[in-house]
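Next come two complexes, and both contain chain A; in the first it sits with chain B, in the second with chain C.
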Partner chain A sequence: MRERVLLALGAFALVALLPFLLAAILPANQAQFWTANILGRALVFGIVALSLTFLATYGGFISLAQMMIAGVAGYALAVFVEGAVPRVVGGLGYLAAIPLGLLASTLMGLLVGAIAVRTRDIYLLMITLALAMGVFRFVETNIAWFNGYEGIRNVVGPNVFGRDFRDPWVFFYVALGTAALLLVGVLYLVRSPFGLVLQGIRDNPRRVAALGYNVALHRIAAFGVAGFIAGCGGVLGTIYNIGISPGTIGLGATVNVLIMSVIGGLGHPLGAFLGSLVFTVFDTFAANLYDRDRFNTLIGTVFLVIVLLSPDGLTGLASRLRRLATGRRE
Partner chain B sequence: MTTPAISLAGVSRRFGALQAVRDVSLDVMPGERRAVLGPNGAGKTTLFNTICGDFPPTSGQILLFGEDISALRPHQRTRRGIGRTYQTSLLFNGLSVLENLFVAVRGLRPGRFSFLRPRGSDTGMAKARDIAERMRLSHLLHEQVLNLSHGQRRQLEIGMALAGDPRVLMLDEPAAGLSPGDRPELLLLLRELPRSLTLILIEHDMDIALPAADFVTVMKDGQVVVEAPPDRIEDDPVVQAIYLGGGH
Partner chain C sequence: MDLAATIVLNGLTLAALYFIVASGFSLVFGLMRVVNMAHGSLYLIAGYVGYAVFEPLYDQDAWYAWHAGLAAGILAAALAGALMQKILLGWMQGQELRQALVTIGVSIIVADQILAFYGGNPRQFFAPDSIFGSTQVPLVGGYPTFRLVQIGVALAVGVGLWLLLNRTRLGMMIRAGVDDREMLGACGINVPLVGIAVFALGAALCGLGGVIGSTAQPLAMGQDGRFLLISLVVVIVGGMGSIAGTAVGAVLIGLAEQLGQALFPTYSVVLTFVIMAAVLAMRPQGILGRA
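And then the complex of A and B:
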């Protein structure tokens, strides 16, 4: 267990050094681009994917609602924060609007968990997808609260120690700090009584009930935790994009989070970030590599190759390589 | 008059056209060791599931120390004092032996939703270690359950059922799949259970069931057909007919 936390922290410490390395080897504008648009964006996607891998790895629930839940946090922030365009409610500073966004996503997580509480496997997948698409259509057609198709703009983020939040370095390190805290939080939580029972539900829900636990309540609470994690990604993503529109939580975005999680692998929460990095690199450079319009073909091929080579994703591949190396040493 | 630990009154359970348990009435007194015998398909496990709440009764009433629990959900029945094992081990394969027992201990304590890890001085963890010792699993505390032998899994099953200090312990074929070498160990474990504990045991193996039981109930086709002390069971003509296929 301690080894897993150290592995995660070590990985994040290495990532923390990357902006310096990039600044040393690349021209300033390219280094900034890599810092914010590749690494920063990958961290934001990774946080949303972490909410999915938390549920899938430790609870056995694959939810397709996580991007929508992230969007709920983003929309709540955009609706309430001062300066957003158009002004819907406004009046709140970021210090108040961000917790409100996280509260909204946690509540949405609990709601999704409560609605889907009796379903598993493909049925859970379908019901969470249906909920995600329902919310997507609702925000797309609602003008009064969500400004319909156009969404809400000018969510620029707070100042951090006097510096603009959208400064590539500020954005990167805030995203990295948030991701590291959430990752360590997940690794801590899964060894707590709540986390152990969650894994019990994954392995044998009938036995968990026979031990005196209310399985339904535990499941709903797990979705609430995942909602909070997704919300952190939603808030950061909204500030990164300087606003939010329905496309952020559409079918494509929903499926992308699942693809990232599977590419990274569900064996270790770190997989969410590995998957999101691979995805972001291909998403950004697809046009250079092949053709912008063929991005789905490209990422689909990458997805297929990784799944065929290693059904448990990049983290599974790394584990096998490590075992192989250890075996050789022995 | 002493209130029975478990009292069934006209309990039936139907699955569509199949009547798995038919009008079963029986009383098990506090501290009694009751064995439930019968051929495959007699309805023994369904009766267990009906008492524990996995399949609520279609009709009839189940009382636990006088309280009607017929409509309660499984976790609510467990919280009122029923502990059980399963015919096929239902364990948490991804967790260690200690974690399995800790989850089992924590099930009936406050703090089930605790997000804080247990400290070294946690009483639940201490109790989990104690149960592991009683179940002779101390040397495997940190072993992942997936790696345990079948016999060790059965021992862990019983340990988990005992972890919540049940008033009534229900063991569903604890000797199923055990090698002849593991069976005396199991019998010893059963004999070491505190006498205050009410025990209901489903078992095919008469060498396990009869020495462990004070009283025996035999079922066939979902009904109770014989109730007798263990020393009269093997000679009972109905039991002989069921097990040896003779007429009666």
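And then the complex of A and C:
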């Protein structure tokens, strides 16, 4: 156990030092590009994917609503924060608007969980996708609250210790800190009584119910937790993009989050970040690999190959290789 | 009064299109337990391939241009569906979630390749003269004939499917396969082939919807997501895997959409999802779904 904690701390330190390493080996503008556009973006996507991986790994729920829930946090932030264009409600500082966004996404998570509470597996997949697309179309057509197709711009983010939030280094470390806290939080939560009940529901809901636990409430609460996680990603993503538009939560974005989680593997929360990193790197360098405009074909093929060959993704592949290696040694 | 009648008729014609597309989705889901997330892609394939056949013929003023496009679209979709089942889905029968993920992968690739082949310009079929123009309808007045044809096609699809499933040998095999695949195989029937036939049929229905839908409204990228969503909602509301349920769901959603757009335009989408949430809360298996 202690070894694993040390290993995890070492890995975290390595990731935290990445910007320095990149600055040392790459020209300045490239290092900054990697820090902001690849690592920073991968962390933001990874947080949203983490909310899905959390639900899938410990609850067995594959929810396609997570990007939409992240978008709810982003939209709530954009609607209430001062300085956003156009001004919808405004008047709040970031210190108040960000918690409001997280509250909104948690509530949306609870709502999605409540609507889907009696469904499982592919039914859940269908219903969460339908809900996500419903919110997307609502946001896209509603001008009064969400400025329709154009969305809300100029959400620049707060100042952190006197530095601009969107400074690549500041953004990277805030995102990294958030991701690490959420990851540790998830790993802690699944060892708590709540987490154990959740895993019991995944394996056999009837038995858990017979033990006297309220299955429905636990399920809804898990969606609430996932909603909070997704909301963190949504807030960061909105500040990263200096605003939010319906495209952020469209079908493509929804499916992208699923792709990341599946590529990384729906067996361990770390898979979310692994998947988002692979996705972002492909996204950035698709032009060099195949064709600039055909990124979707490329990532779709990667996704298909993973689903066909290794359904538990890269983390599953890694643990299988490890088992193979240790098996040979014995 | 006239306005109300027009809205209801609009809702019904829309419901007819939704039924045609969603019936294929429901058929495949009900009989194969496959959630075909690439259902919208089949709509696109039918539309674009059909149009590629239609356009040169239309330019030569061939009277059968639309019919040829329709046939080509249906064939293309059916072939794509059959190939998907044969190559990708058949050997992972029973792994429902994995099959759903595979079809998501297929839908991403198909949409991107269609964009690469045909570009992003919207297209629209022109209906043949015999079903073009307008017809006098009581209470409503002049109404586009093609939309009325849509209702007729939907009725024919519904009745045809019912007859196929309940009155033919193939239907008997399909229904038997739903209940007990192994026993059906032991009776000497090629079960994988039945599966491919079901998939091709479901895809062909979607293809029919694709060409008809692209005659009534423009065909463009993004329609795949729209029709996948509609198929999902219609089937969730009406009942998973029930053809009659699909019809009920399509009528409810079609009417709700038109009524919503007339009464509160910017919030009309919400009405659809309120209906869905309400049905799920009371009958998770859908209005006519088997528990």
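Criterion: the second predicted complex is superposed on the first by the 311 of 330 C-alpha atoms of A that agree within 3 Å, B and C clash if a C-alpha of one lies under 4 Å from a C-alpha of the other, contacts with A are read in each partner's own complex, and residues count from 1 in each chain.
Note that in this section a residue touches a chain if its C-beta (ideal position, glycine included) is under 8 Å from a C-beta of that chain, and two chains touch if they have at least 3 such contacts.
On a predicted model such as this, the values are computed, not experimentally measured, just so you know.
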item	value
Room on chain A for both chain B and chain C (clash or fit)	fit
Vertex chain A; arms to chain B and chain C (CA centroids, nearest 10 degrees)	80
First, second, both or neither for A:317, with chain B first and chain C second	neither
Touched partner set for A:16, first chain B, second chain C, both or neither	neither
Which of chain B and chain C A:255 touches, first, second, both or neither	second
First, second, both or neither for A:293, with chain B first and chain C second	second
Touch count on chain A, higher of chain B and chain C	C
Partner chain(s) touched by A:92 [first = chain B, second = chain C, both, neither]	neither
Which superposed partner A:192 touches (first chain B, second chain C, both, neither)	first
Chain B versus chain C as contact partner of A:210, first or second or both or neither	first
First (chain B), second (chain C), both or neither touched by A:221	first
Smallest distance from any CA atom of chain C to any CA atom of chain B, in Å, after fitting	11
Contacting residues of chain A [partner chain C, same complex]	62, 115-116, 118-119, 121-123, 125-127, 129-131, 133-134, 137-138, 141-144, 250-251, 255, 258-259, 262, 293-297, 299-301, 303-304, 307-308, 311
Of chain B, residues touching chain A in the complex	52, 54, 73-75, 78-79, 83-84, 86, 90-95, 99, 102-104, 106-108, 111-118, 160, 163-164
Residue numbers on chain A that touch chain B, as the complex places them	188-189, 191-194, 196-197, 199-200, 202-204, 206-215, 217-218, 221
Chain C residues touching chain A - in the complex, by the definition given at the top	33, 35, 88, 96-98, 100-102, 104-106, 108-109, 111-113, 115-116, 225, 228-229, 232-233, 235-236, 240, 266-270, 272-273, 276-277, 280-281, 284
